[in-house]
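Heads up, the next two complexes both have chain A, just with different partners, chain B and then chain C.
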Partner chain A sequence: MTRPPWEGIARLAGRRALFAVPVVLVVTFGVFAIAAASPFDPVRAYAGTAALGADQETLDRLRENLGVDRPFAVRWWEWLTSALGGDLGHSSVMRQPVAQVIGERLVWSSLLCAVAFAVAVLVGTSLGVLAARRPGSWLDRTVTSLAYSLEAAPVFWVALLAVWFFALQLDALPAGGLTDTASREVTAGQVARHLVLPAGVLAVSQLPWFTLYVRQGVGDALAEDPVRGARARGLSERTVLLGHALRSGLLPVLTLIGSRVPELITGALLVETVFSWPGIAAATVEAATAVDFPLLAALTTLATAAVLTGNLLADLLYGLFDPRVSLSDM
Partner chain B sequence: MTCDSRTPGTTTVAEASVPTGWRSHGTNRRSTRTLRVRTSAALVTVTVLAVLLVPPLVQLDQQAVDLSAKLLPPSWAHPFGTDDVGRDLLLRCVYGLRVSLLVGVAAALTATVVGTAVGAAAGALGGWADRAIMRIVDTVASVPHLLLGIFIVAMFRPGVWPVVVSVALTHWLSTARIVRAEVLSLRSRPYIDAAVSGGASRWRVTVRHLLPGVLPQAALAAVLMVPHAMWHESALSFLGLGLPTHMASLGNLVQDARGSLLAGQWWPTLFPGLFIIVPTLAVAGLAGAWRERINPRRRSELML
Partner chain C sequence: MTTRHIRRAAITVAALTGLSACSAPGGGADEGKAADSVVIGVASEPDTLSPLLGYGKDGNSKIFDGLLAHDADLELKPALAKALPEVGDDGRTYTYTLRDGVEFSDGEPLTSADVVFTYRTILDAKTNNTARSELDAVKEVEADGDDKVVFTLKYPYAPFAARTVLPIVPEHMAGKEDPNTGSFNTKPVGTGPYVLAGWTRGEKLAFRANPNYWGGAPRVKTFTMAVIADDNVRATRLRSGDLDGAILPPNLAATFKGEAGSLTYDAKSYDFRTVTLPTENKVTADRAVRQALDAAVDREAMVDKVLDGAGRPAYGPLPVDDPWFATDIKRSQDLAKAKRVLDEAGWKTGEGGIRAKGGLRAAFTLLYPSGDKVRQDHALAYASDAKKAGIDVTVESATWEVIEPRMGKDAVLAGFGSTGDPDFGLYTLLHSSLAGDGFNNMGRYANPAVDKALDTGRRSQDPAVREAAYDTLQRELVKDPGYTFLTHIDHLYVLADRWDGLTTQLEPHEHGFASGPWWNIEDWQPKK
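Now for the complex of A and B:
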């Protein structure tokens, strides 16, 4: 009767992927539709300053060559078919093929987000448990009010203040970039030193949410019967807290972790820009400032795919860790 | 600001884990709650009054440049200090808050109207129309909000209306979901059955009987959306994709201050950020108290 879990995982993943494909298609279509409705002119964007002195005939010929005189649905279809073949177009602001921009920068964004997320989960869980232990204590009050204030604080503002304090006042950490300015090559030590501030700020921006949810979950679990039973059996406070309350209190948080991808992307967009971190989020902002449509379209699609993957992950974790739910029911 | 009283369930936790003195905790909690509501109300009032009254009443020019007084640290003459061309930062922040708040309110109103219309349509039509509409909502929700906002502003060029539209277009989703759920729960009420059996058309039932029922929820969502919309607007402005610099919002102020920050002057950065945090916390505090009041038993959720 009991089937191996990976079978359920594979089924669920397959079914969700089937639902995700139309969503991504609709999003790319929407991206092209918005671009078609906007005053954005691909010809002028392509020609740059050369378009200012060019005569109408040249512009028309360019328009025909680029194929922008056709309806946007046709251009969307062509973009889609060539994207499936690996050709995402050419980025004018990076002066590189879009696929190459993503390939070079994705690793740095992934590193930043992974480190920040891990720190946020670990620190958030610890703070949440500490706060939930004694509700209403000064520790609980400090942690919750700090968490609410940080949740309300703009990420870029926290980032700038961190630069001012850690890089300028203490002179302890570099203010931005991936490596030292004088250095030609990328070494692990330099990257690690340059990673501390951006990852720390990104973690701080994700921290309040984890802390407050863990606090709520553990606090609720502490009032439930299993915990009361464990206390009655004379188990140590540590076992009760970590073995019973945290286990059931962390469950709702764990299942929501995957759905934090949009907030992580939002944070990365701002943090990477402030710290000149060479990731794809900073590239998105540069592409938007320079109206680099091919890059922007590809990165929007990529972000949507990341969000959908996160949602799938949330469902999988939910099915795997909650014994009351079986994957085949979802 | 203590926010522990947002979780009504914790009284029992205190009872279980702290066997002594929880009763005094109970009275403390009540007084903290009152204090929190009063502080929040006072802060919201001060914010609204400052934004409405300072520009017409105070005859000071926020753009007044005084190069002899540039980058002064906070003092009695300039409580928040001055920026790199000697403009008073307190005045700049009040004007910036005014711009941010106007954009936030405009975006929240637009988003609420769109969200209520879509959510009510989905809930009232039901069936395949409901499924199709909610599928669209899910699709739009799968693009990160700030990214969608950046994309729209980039395509339509930065300006007031693109920013309002882009913030509104990314914020109507939650309202649509709330309104749809509320309409679905109202649909099974007897008074709706009475209206339907009395021969009222679908349109009349929706507009006359369902919408008034969902308005309180939609209004609460709209109020909570304003700080969120302000946050988005300031992020866009900070990235250089928001409001033009002559309409400096709080985000523009932080962006302008980057140069001074790197030279070591912290005040042009610090104060505009505080002007975003304080109203956000105050609105969240009021909304939390309001929710506890109308539904004290409901497990409260995070509402920033």
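Now for the complex of A and C:
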């Protein structure tokens, strides 16, 4: 690498940003099309339980006022043009401007995902290294089989199990919400206590991938020449393991970070619903079942951006850590 | 290099233990809770808090007041109005005089302009209010000076006064914005006993007492509604002390019976479960089949088995203890009668004990909304009773999206029931002019005698004439039972025993937020 690395980074980010434009267009158009084809009735969702007693005139009037009968392509175009002008529209299900819905909720989703992801990467990597150190040992076998079981377990099932055990049986942790029910302020201590279960469950659902990848990567690296050379030079086992084997074993994990982001978002969707966490994902579920186009489109764009950023991040890390890879080739 | 790794590992470990330290049990349920703070668990939350879009239209909205209000016995009493309205022009005009010195919680005075604004906005077709048709009778609402409001009706509408429990909003706040999208939907301001302190959608609504409330500052200072959809989770959080009270299904409420420090409130209701017998289906349209089904069902058994005793048999849409109920229509299961009626009408027992007439099998499908355990149990009990009379009922669950287009042909296990006046629930349920109109008259019931009774009950001002009309209606419904009424279900609430003299109202089908012992939480007094 002769040029400074930031130049390559900027070029790659720029190329990806250009690529993101058509992706977002296609994805949002697809969301509008699927939502329009869904069996959910936006008028019913808007009226809530009142719809079950409403007369036809009222339902027709709402349908007209909400403008839900226009073709989805028209509505997509209107949404797109006003979104480009900075107006994300009004969420019919939340009865709030979309920007306000996202503003109130994004921070809690980010907190949940960031904590869960950090825990998953750190704990997953540590377990992977421990397992790879002595392949076939009882520790390795325990960690590996546990990881495979967790990989197969659905997130919502783990979440319900955690609620049952920690909240109902032990009564040690709150079962849901952001703060205690009676409390009217959001304090850091309360949020931390309420964060443990959802973040823990989300982390546990992501952790096996990191464990298994690191175990494989480090295991392979331990058999390679540089490691053998290092051992021959008499370096301590710790230095060999963490300095040599882990370093080259971590490379596939970097790719994994990027590809796990969509899974993380899907996982958050289920976790937030089970734990009534007031985040973006819980709003996505509401928006989808209520066919709330503006909110759904904004949230999809957000999720798309998160996935693309995750991929970009993985590529950048890869380029920086592996001298064989050039950023300009990506 | 090694030390750096150790340090890094140490930081990681510290971070991890830090995390697990957070998970240590913090404050459990604190003992000796104060009586001035109440946390209630409910199953669902309102879509909006703006009365312009329908919030609190039946009263008990906490944040707002109507011109009138209901007391514990559902009698109308003055609220923002000084007295009950003066009715003039043969029941076509209603004049209300406003109470003096009432202020919104932001300090602005209430005037007749606010009342006019509220009603006119709701009547505007561009406002997305789902209950606008309830004010169908109103032709015009006008202010007469600062403290008088006059409603002019299109036709004499006897129960109109009961509609004016509808909450009044401040024009100076809500008038500046689009009622459908404005911030008033989530940040309301009213004259009511409580002020909204915060609303986290899907989690909770918090209220604090309005110290300047015209009816006197409430003793309960803070009031939280926790939104917990799952019945079991709600019960658990109630048991753990996280909640002070909750609405619970009969089986879970029973687990709290006899527990020290908690009381169970059993609220009677207008909330009936019924089977619609659609006119467009050849089997259910047959009067003999309808009568046979009505005779074959064992309502007492449904109350005992399905509702664990928390309900009453429904012999018609009105509950047995309603003043409008026609007492002599009470009837028990009579299988012999069911069989006789079918025999006489030519429904002959055929293959597998199922009757048929002219090649038409006495069979139909009964739909119930999926996930509703109480309706499912009702449907299964109904099918089993029908079988004994030789009628084959297939029970199916479906979402409302699936049920709606099939309502004209298939029977539905429906639930309705409105309080306030018999007209409110019965007209939309039974009048032939509303057959198949949205969710009104789902079974397309058409009976000229019933229509006439409904019209008389709606128009007449004379209580005796109205009573006779609703009496006729209930009897006609027994002769031609286009709906098989099954039960009126009780609503059960469990609440910590820290307050004196709590009551429940007779409740409508829609319940949870405005109903329950907390319907008048502003009047609660701590226990001595």
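Basically, the second predicted complex is superposed on the first by the 289 of 330 C-alpha atoms of A that agree within 3 Å, B and C clash if a C-alpha of one lies under 4 Å from a C-alpha of the other, contacts with A are read in each partner's own complex, and residues count from 1 in each chain.
The criterion applied here is as follows: a contact is a pair of C-beta atoms (placed from the backbone, for glycine too) under 8 Å apart; a residue touches a chain by one contact, two chains touch by 3 or more.
All values derive from a computational prediction rather than experimental measurement.
*Asks:* Considering only the touch criterion stated at the top, classify A:288 as touching first (chain B), second (chain C), both, or neither.
*Replies:* A:288: touches chain B, not chain C.
*Asks:* Could you tell me if A:122 is touching chain B, chain C, both of them or neither one (first, second, both, neither)?
*Replies:* It touches chain C, and chain B stays clear.
*Asks:* Looking at the overlay, does A:239 come into contact with chain B only (first), chain C only (second), both, or neither?
*Replies:* In the superposed model, A:239 contacts chain C only, not chain B.
*Asks:* Output check: A:153 vs chain B and chain C. Expected answer is one of first, second, both, neither. What do you get?
*Replies:* Only chain B is touched by A:153; chain C is not.
*Asks:* Go through the superposed model and pick first if A:161 touches only chain B, second if only chain C, both, or neither.
*Replies:* first
*Asks:* A:136 contacts which: chain B (first), chain C (second), both, neither?
*Replies:* A:136 contacts chain B only, not chain C.
*Asks:* After the superposition on A, what does A:307 contact: first (chain B), second (chain C), both or neither?
*Replies:* first
*Asks:* Do chain B and chain C touch any of the same residues on chain A, and if so, which?
*Replies:* Residues 39-40, 163, 168, 175 of chain A touch both chain B and chain C.
*Asks:* Once bound in the complex, which stretches of chain C touch chain A?
*Replies:* 1-2, 5, 12, 15-16, 19, 22-26, 28, 37, 39, 44, 46-48, 50, 53-54, 125-126, 128, 130-133, 180-181, 183, 185-186, 197-198, 200-204, 206, 208, 222, 224, 226-228, 233, 236-237, 240, 242-243, 399-402, 416, 428, 434, 436-440, 509-510
*Asks:* Report the residues of chain B in contact with chain A in the complex, numbered from low to high.
*Replies:* 1-4, 7, 9-10, 12-14, 16-18, 25, 28-29, 138-139, 142-148, 150-157, 227, 231, 234-235, 238-241, 251, 254, 257-258, 261-262, 264, 266, 269-270, 272-273, 276-277, 280-281, 284, 299, 302, 304
*Asks:* Can you list the residues on chain A that touch chain B in the complex?
*Replies:* For this pair, the touching residues of chain A are 23, 26-27, 31, 34-35, 38-40, 132-136, 140-141, 144-145, 148-149, 151-158, 160-161, 163-164, 168-169, 175, 209, 212-213, 216, 219-220, 222-223, 227-228, 261-262, 265-266, 269-270, 273, 284-285, 287-289, 291, 293, 296, 299-300, 303-304, 307-308, 311.
*Asks:* Tell me, which parts of chain A touch chain C in their complex?
*Replies:* By the definition above, chain A touches chain C via 39-41, 44, 46-59, 61-62, 65-66, 90, 93-97, 119, 122-123, 126, 163, 167-168, 171-178, 180-182, 184, 189, 192-193, 195-196, 200, 236, 238-239, 242-243, 276, 278, 282, 286.
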